[in-house]
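Take a look at these structures.
What follows is a pair of complexes built around chain A, which joins chain B in one and chain C in the other.
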Partner chain A sequence: MFEQIIMAFLNGILLGGVLALLAFGLNLIFGVVKIIHLAYGQFVMLGFYFIYFFHTSWHIPLIPAMAMGVVAMGLIGILTQLLIINPLLNAPRLNQLLALASLIIVMENLAQVIWGADYRGIPITMPIIQFGDIFIRSSFLAAFIGAIFTLGLLYLFLNRTYLGLGIRAVAQDLDMAKGVGINPKVIYYVTLAAGGALTGLVAAFFVPIYTVHPHFGASFTLMAFVIVVFGGMGNLLGGFISAFIIGIVTSVTAVLSSPEVADILAMAMFIGMMMIRPQGLLGTES
Partner chain B sequence: MLKVQGIDVFYGEFQALDNVTLKLDKGQTVIVVGPNGAGKSTLLRTISGLQKPRRGSIEFEGQRIDRMEAHKVVESGVSSVPEGGRVFPNLSVQDNLKVGSYNKAAREKAEEWLPRIFELFPILATRKKQRAGSLSGGERQMLAIGRSLMSQPKLIMLDEPSLGLAPMVVNMVFEFILKMKQEGYTILLVEQNANKALKVADYAYLIESGKLVYEGRSEDFDKNPYIKTAYLGI
Partner chain C sequence: MQPKSKFSTYWQPLVLLILVVLPFVVTSSYLTHIMTLILLWSFVATAWAYMARFGMVSLGHGVFLGIGAYIPTMMFNYWGLTPWIGVFIGLAVAMAVAAILGYSCFRFGLLGDYFALVTLAVAEVSALTIMALRAITGGGLGYTLRSTGRLADMQFADKRSFYFIALILLLGAVYIWRRIDRSPMRLALTAIEESEIAAASLGVSVIRYKMMITLLSAALTALGGALYAQYVTYISPDTIAGVGVSLSICFKAILGGMFTVLGPFVGSAIIVLLEEYIRISLGTSFLGLSQIIFGISLLLMIIFMPKGIMGSMTEAIAKRLNKVSVRQ
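Up next, the complex of A and B:
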């Protein structure tokens, strides 16, 4: 039992890393563009299908197919900005939410029309790593390492480049950012492209772990949203920490009782946080 | 250098500026005086491109800037120091300065200018890694001025740089404005502290409820009996 809890804890950390990457994109988009990208999980679903399609229909080797999936999702992000978000930038919040919620329906049905409702996956067998009595799936470990590495790169991008500085400036004070010479439109496109590419990358990490179906994305939208709000909307560090909290709690609870109870506990924690600290873990009141 | 020609600016139905005309020559320091809510800040926001005039035109170095996006206006050489030393509170002092050099022309000179700003304001050098939000009011004002200088401006607009500062810090800020003037910058200064501002300015305008009510050389300004009692308190 003790080993099982340790294993669940480790798996929670590994899961947390991937969730942190998933939540990062949603959080960045909210922080910069001030839009809640409700179809974020569906982007992961679409990215998964892209990789599947490139690999099985075009017979492109897996790693290049994954890279193409990342690029394709970056382009989808740009298109989303161009066709959906730009026209609604000054629209009431509710209209923006409704537009992005309809994007969920469009994408899920599009996937169903193109690929059908069957579960699809790319069969890959990755070894299980053993340390004494502890077993870890290398697919989880690879996803975790990839996610943390990507987050590191994103940190450097945001802190070491002019574009990253522009993104942080727009997130903090749009008016003043314009006043110091930043074109917010460019920043929005970059943010949506980065957010889109991240969903492609998350999909690539999921390829050895899951199979995909048209409704694959829904749970990830919810998960990412819960993490982001739990950590404080727009606060990247808060999102990072809460991804690990949610990852570990759900993983350990799933072993101690059942995955259903784990989901209940995660949502209960979320509701509890909203009652005690509506601004989230590291969010600021406003 | 800057020509503002009969601009009307509205916030919804409310008219903030009514037929305002104003001119700045290269190297001049011009102040705009007026009570709270007279439209002084709106004037600067409109020149910056953050607000669009409904009527009239704004020219900078012979180029129409009133239809330009704000970031293009900065690129053409107009930089503003917003009211209250508004900085990006969650960026470090150094990043706040760096963001000033965001426009293409300024980026190349950023490496060279950062040490110069730190030399001008040594206090900023000692706090360069700190969050800008942790600075005092005076330090923020210096940071906002430094950030503006980083954009390689030809025209610097300052919005109430002395607002809310201790008298000693106010003196420092005005000494610095004088220094910028001597270095050849063209300066448009909006101030309630008319006494101090008149000493550094060449020319002055008075705005009341969105309308220009008086203009003249700054040495003539305090001879006007109305201005004397209403704005200078003498």
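Up next, the complex of A and C:
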């Protein structure tokens, strides 16, 4: 039992890394475009299917197929901005939310029409690493390392490049950013493209771990969402820390009782945080 | 206040008359079923709009719907307790949950987006709880009401009975809406929506008024859930609790227009009819295709009619008549 809890703890940390990447994208979109991307987990589902499709139907080797999946999801992100978010930029928050909820209906059923309701996956066997009585799946470890590496690159992008600084400027103060000559529309497109590409990347990390089905994304949307709000909306470091907290708590609870109870606990933590500290773990009061 | 024209005094009794006579004229049981669903969802959407029109947008009304549906059904199946009593137990539980939730939200001053997010999480918790208790609730497979066909068990030989129950409930909800409009409660809640601090400084009891409208909305929603369970006799976390159904209630009210009393009715009618029409016209050829078209239609309506159908219409009429523009 003790080994199981240790293993769940380690898996929680490893899963937390991937969740941090997912939450990062959601957070970035919220911080810059000020929109809650309710269909974010469904993007991961679509990205997974794209990789599956490129690999099995077009017989492209796995790694290039994953790269193509990332690019495809970036394009889908741009399309979302163009067709759905742009017309609703000044609409009430609730309308934006419901528009993205309709996008969930469209995407889940699109996946069902094209690929059917079956579970689909690419069979990859990755070795299991053993330390004494503790086993770690190397697929989890690879996903974790990949996610942390990507987060590092994103940090450099946001702090060292002109475009990244532009994104941060728009997130901090839209009017000032316009004043110094940044075109927010361009920044919005870049952000949605980056957010979309991130879901493709998360999907690539999930390929050796999960199998995909049309309703695969729902739980990840909510998880990413809980992490973002828990850490403080728009606060990237807060999201990073809370991803590990939520990852560990859900992973350990799932071993001790059941996955549903783990999710309920995550929601309860989220609700409690909203009541006591609505700005989140590291957020500042606005 | 809404501008009252001569037209409205005539068409309201007319609509009512049509609704009462319709099930006797239309003999097709399928059409009666569709109309019952429209009335039922209109009732729930109206109850939801009680709160939403004062700025309390709940994305978690599936909780109350689920409690109202599951408690009487399970009490009947396990203990043989007649739903005539069970419905009220469900109602009481839903109101208790609403009281706890509402009080903690309002006490900590959760407003706007934050309120919406917390209620969304609560909706997910309700579906997860039903899944976690799968030993007694049937989990994701759903739960079927035991059929006896006896009036004492709220089961009617003539399915049209449910049509009239739903109609009476909807009329009741519309009546309460009108009563709220004429009461000091409306003024208080409008003031609270504008600014809680200003309202409180004028002596308006903020938490009390918000609690009253929340309890009312939750109770009526639970009643809608109970009716749904008794009518359809099959409930599952996807259809009656959780995020999906909570959002679909919002869809109906917002598409119709949540600031007008008939908005939720119009929205429910359009969505239910659209869903059925698309499902029937291409249901068998492609599983899921009908839902894609449904989702795209919703998207288009939200983008091009942000104030809802009734909202846009009243605005257009007001413009035509050169009257003062209605509430934004």
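To be clear about the criterion, the second predicted complex is superposed on the first by the 286 of 286 C-alpha atoms of A that agree within 3 Å, B and C clash if a C-alpha of one lies under 4 Å from a C-alpha of the other, contacts with A are read in each partner's own complex, and residues count from 1 in each chain.
Everything that follows uses one rule, which is that a contact is a pair of C-beta atoms (placed from the backbone, for glycine too) under 8 Å apart; a residue touches a chain by one contact, two chains touch by 3 or more.
Fair warning: this is a prediction, and the values are worked out from it, not measured in the lab.
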{"item": "First (chain B), second (chain C), both or neither touched by A:211", "value": "neither"}
{"item": "Partner with the higher number of touched chain A residues, chain C or chain B", "value": "C"}
{"item": "Chain B versus chain C as contact partner of A:112, first or second or both or neither", "value": "second"}
{"item": "Touched partner set for A:88, first chain B, second chain C, both or neither", "value": "second"}
{"item": "A:178 touches, of chain B and chain C: first, second, both or neither?", "value": "first"}
{"item": "Complex contact set, residues of chain A against chain B", "value": "162, 165-166, 168-169, 172-173, 175-183"}
{"item": "Sites on chain A touched by chain C in the complex", "value": "36, 84, 87-88, 91-95, 97-99, 101-106, 108-110, 112-113, 117, 214, 222, 226, 229, 258, 260-261, 263-264, 267-268, 270-271, 274-276, 278"}
{"item": "Chain C residues within the chain A interface of the complex", "value": "57, 59, 104-105, 108, 110, 112-114, 116-118, 121-122, 124-125, 128-129, 131-132, 243, 247, 250-251, 254, 286-289, 291-292, 294-296, 298-299, 302-303, 306"}
{"item": "Chain B residues within the chain A interface of the complex", "value": "48-50, 69-71, 74-75, 79-80, 82, 86, 88-91, 95, 98-100, 102-103, 106-107, 147, 151"}
